[in-house]
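Chains here go by letter, A, B, C and D, matching the order in which they are written, and residues are numbered from 1 within each.
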Amino acid sequence: MAELKGFMYPRTPTGAAGILPGPPWHYSGEMLTIEFRTDPTAVAELLPAPLEPAPDDPGAVALIWADWQSCSDSLEELLDPARAQYKEVFLVVRCQYRGQTYSRAAYIWVDKDFAMARGVVQGYPKKLSEIWMTRPVSVGRAGPRLEPGGRFGATVSTWGRRIADAVFTIIGTAEQPGFVNAHPMLHSRQMPAIEMDGRDSLDELVTMRGFDAELGPVYAGDAELQIHDNPTEELDRLKPFEIIGGYYRQVGNSMAAGTTVWAAPNPMAQ
Amino acid sequence: MAELKGFMYPRTPTGAAGILPGPPWHYSGEMLTIEFRTDPTAVAELLPAPLEPAPDDPGAVALIWADWQSCSDSLEELLDPARAQYKEVFLVVRCQYRGQTYSRAAYIWVDKDFAMARGVVQGYPKKLSEIWMTRPVSVGRAGPRLEPGGRFGATVSTWGRRIADAVFTIIGTAEQPGFVNAHPMLHSRQMPAIEMDGRDSLDELVTMRGFDAELGPVYAGDAELQIHDNPTEELDRLKPFEIIGGYYRQVGNSMAAGTTVWAAPNPMAQ
Amino acid sequence: MAELKGFMYPRTPTGAAGILPGPPWHYSGEMLTIEFRTDPTAVAELLPAPLEPAPDDPGAVALIWADWQSCSDSLEELLDPARAQYKEVFLVVRCQYRGQTYSRAAYIWVDKDFAMARGVVQGYPKKLSEIWMTRPVSVGRAGPRLEPGGRFGATVSTWGRRIADAVFTIIGTAEQPGFVNAHPMLHSRQMPAIEMDGRDSLDELVTMRGFDAELGPVYAGDAELQIHDNPTEELDRLKPFEIIGGYYRQVGNSMAAGTTVWAAPNPMAQ
Amino acid sequence: MAELKGFMYPRTPTGAAGILPGPPWHYSGEMLTIEFRTDPTAVAELLPAPLEPAPDDPGAVALIWADWQSCSDSLEELLDPARAQYKEVFLVVRCQYRGQTYSRAAYIWVDKDFAMARGVVQGYPKKLSEIWMTRPVSVGRAGPRLEPGGRFGATVSTWGRRIADAVFTIIGTAEQPGFVNAHPMLHSRQMPAIEMDGRDSLDELVTMRGFDAELGPVYAGDAELQIHDNPTEELDRLKPFEIIGGYYRQVGNSMAAGTTVWAAPNPMAQ
């Protein structure tokens, strides 16, 4: 019988083998946001009751690529960068709950297990994927400069099939990188009971937002977006009717505790 | 507001995008079991209270490699085999709880996200890894035959560092592939509260076992095992004092519902 | 100044670091052959002069998936199976040269670097790819049995885009796994001069065939094949007009020296 | 019979399926150079006759990590960044040939097939590997700034085993990123005859250097380097006796034609 250590699983004698170091987590990276309008019913069908669509511009969503380094307070992951670098793509929709507007990652893909495990904690429904995003350069010809005319490509694939491709071209700068991902996150954390009878042992709505943000300028421009039919994805239900805009920004922030907004009792507990 | 479908996350309009199809799950594959004795205190320190060490042979553990195909009742994953094939390595220890002996996967590594997600449901603390295991052959020289003298290699690495290597050589056959992994599984399912204040929103002990087993003959023999120092793992705390034996077997079975043995109330639920 | 060792590159003090062990190479694995007829002009355009199309059935080609273990005479790779296991997909066409009929791998994809390097030596134009192929099983439900009704899936993707998918269903057995891949291989080995002025420093036609074949029974059946548009591939120029048949077989063989059929002088040598 | 297109293999009807676009190639990226002194005999044993060690400081070598985007003149790869981004690590030694000093990549690892194929053309003996290198950041805590105190980690692994790890800490700036990699490259291009009788069909010494260099400032500092024993590598024969220095620089350049310095006739050509 032992006192086990560690934030998530496995909890172990020293804590070194845990899949995810404990919070806070620090992030530095680059975000490419493509905002577009789709059929509002395709957004509404992503919102479990009692969440409701945002009343204004209900078809507006954002598909966001990010290329991150993240680390714990020890910063040690930065010196073993396989454990710090990851990429992600996520679809953000807006919703209302108890009169407040939230952003919500309805779909999200990452390329490392520690990021996937952090998603389980934060309620981001992360699957693994292959993700690529052009990096800006300051020398040479093999990349865009952060200036008008700079062009970026971004792709996401799973099981060897493309999910979406985007091209972004800088036109100028902007105040904000869009409006869809501008609210606190509202996520579901759900775990089927091991009895697998339709009940959930864990069923919560949680909210969180980053802190200590340090932000680069917002580069804004034109975007093209292709969402491909894919038998293991449903992103293609959100046909882009109209591109709102594209935004690139270097972002630093930190994340730690959030707040449980609502939680069901564990029906398996007596 | 929508009725979302799917067993695990994300729950979606059609269910097609879920990371894991719903149960039951069927498995066919090959298991290579290396049983060895280590310091019983290194086993005991892996057992959270109130679990207790098995009274007999408390230093006996098993490191098991498996090369699987798995699928849902639809069998559709078998025709897109990226979604069916995966490999795993797990350390099994035995423990006692309420007077009963269980097997328990203290550490486990897999190489696909759907397997990792299934681990979250089943309480297997799965991390991603690179796993390799020699396959037996029936023709040619590039592999062992399932007969005395057949030799298999097995390796597991994470972040580009080996965790363990094994070599197994068939001597003959046996009735059982060891005794460590012979009990129902007892696993913890725990989820930190989003408040990240030390409380768990989900804290359960669950048990499960396979059904509809269809088993090949057990090939038994000699085994060598090296566990490497590795800064992100703690497997090296289990020094092999003595190899008990090695076992190779082709295994088919199915898994579905288990039983919640104990569950704490969700402290976040009012 | 040193005597360097090794078959291919790098040639090094001990030879241990070479990308590819020296010959002979032994192979054991499973081959899934899909033979189909396409437009003969799509075959002819793959044959560099002076190669000519095979006179009989000139539109018949084969797309072959293989799941291999391979090793050198030391067999050591089999105990570190990351270095032994690889998968490949190749398009075989037939051609005539100096009155003899040959098989020729016009396109080929593999998933390991040692296999790619061996392709450079043998004239197989190997690119890296993600390749999957269902494995038959002898126990359990998660895989086909080697008997009528057994169904296999096979896929190949590159840069996160599918190139081709196939489904094969066993109907019975056959004498031969088709006729397209039944001849000695005729491959080009070409290397642009470092001057990059259109000349080749190396320009050869080479032939080789396996030896010490040990073959399992041929399972024959129905096949479906989809070749997808893909901007980095040209396989989609070979539209399947008619499926000839599908064949699955376990294959063991060895390969070593071949024969130079024709070689140009190195224009850079004085 | 067809006129096939493409720079390297496969040569195809349109050229789109070639593993490597034709030259010139443009590069933008980040290079981390660790210069150290080792036993001069460990350097000399890497030089095939008639190459001779550099007369000055003959034990000085450089292990260099690079994180690149590269593209052809079309720039199209930059919009499908899986085809543009790659990482590499290479060991540079110096040598003399015909009275001139050259740099030479004795070992090199990359993580993409197009980079490996370009190595075959350029005489870089590239193997595949897992490579990671910390990226500097301009916002947030999850990465070093390009200023004194900024710390970078760099790792390379193959077959799930580390080859080398480095840590670099910026102290200030410098004029040059060391002296080992400052000469034109001298590489061997060799291809065994398909007869595999010890003869080479291709045997050349080629030289090349980049052009259109656009260079960021050189950040110089302290470095730590660990080279691990590894059964499939020989880098551990170069024990670091003394670290000369570490250097980080953003680099843009282009490469195209080089010069054949020496070429043997192809013995297979009549």
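As a working rule, a contact is a pair of C-beta atoms (placed from the backbone, for glycine too) under 8 Å apart; a residue touches a chain by one contact, two chains touch by 3 or more.
Remember, it's a predicted structure, so these values are computed and weren't measured experimentally.
> Based on mean C-alpha positions, I'd like to know which chain lies farthest from chain D.
Of all chains, B has its centre farthest from that of chain D.
> Can you work out the whole-Å distance between the CA centroids of chain A and chain C?
Distance between chain centres: 40 Å.
> Just the number, please: Cα centre separation of chain B and chain C in whole Å.
35
> Determine the centre-to-centre distance between chain A and chain B, using the mean Cα coordinates as centres, and give it in whole Å.
29
> Residues of chain B that contact two or more other chains, please.
Answer for chain B, listing residues that touch two or more other chains: 80, 82, 130, 132, 155, 159-160.
> Quick one: label the inter-chain contact graph as line, ring, star, complete or other.
complete
> With touch defined as at the start, can you tell me which chain A residues reach chain B in the complex?
Interface residues on chain A, with respect to chain B: 1-4, 7-14, 16-17, 19, 22-23, 44-52, 80, 82-83, 106-107, 112-113, 116, 120-123, 125, 127-128, 159-160, 188-197, 201-202, 204, 206-208, 231-235, 237, 256-260, 263-266, 268-270.
> Please name which positions on chain D make contact with chain A in the complex.
26-29, 68-71, 75, 78-82, 84-85, 130, 132-135, 137-144, 151-155, 165, 167, 212, 214-216, 250-254
> Where on chain B does chain D make contact in their complex?
Within the complex, chain B contacts chain D at residues 130, 132, 155-157, 159-162.
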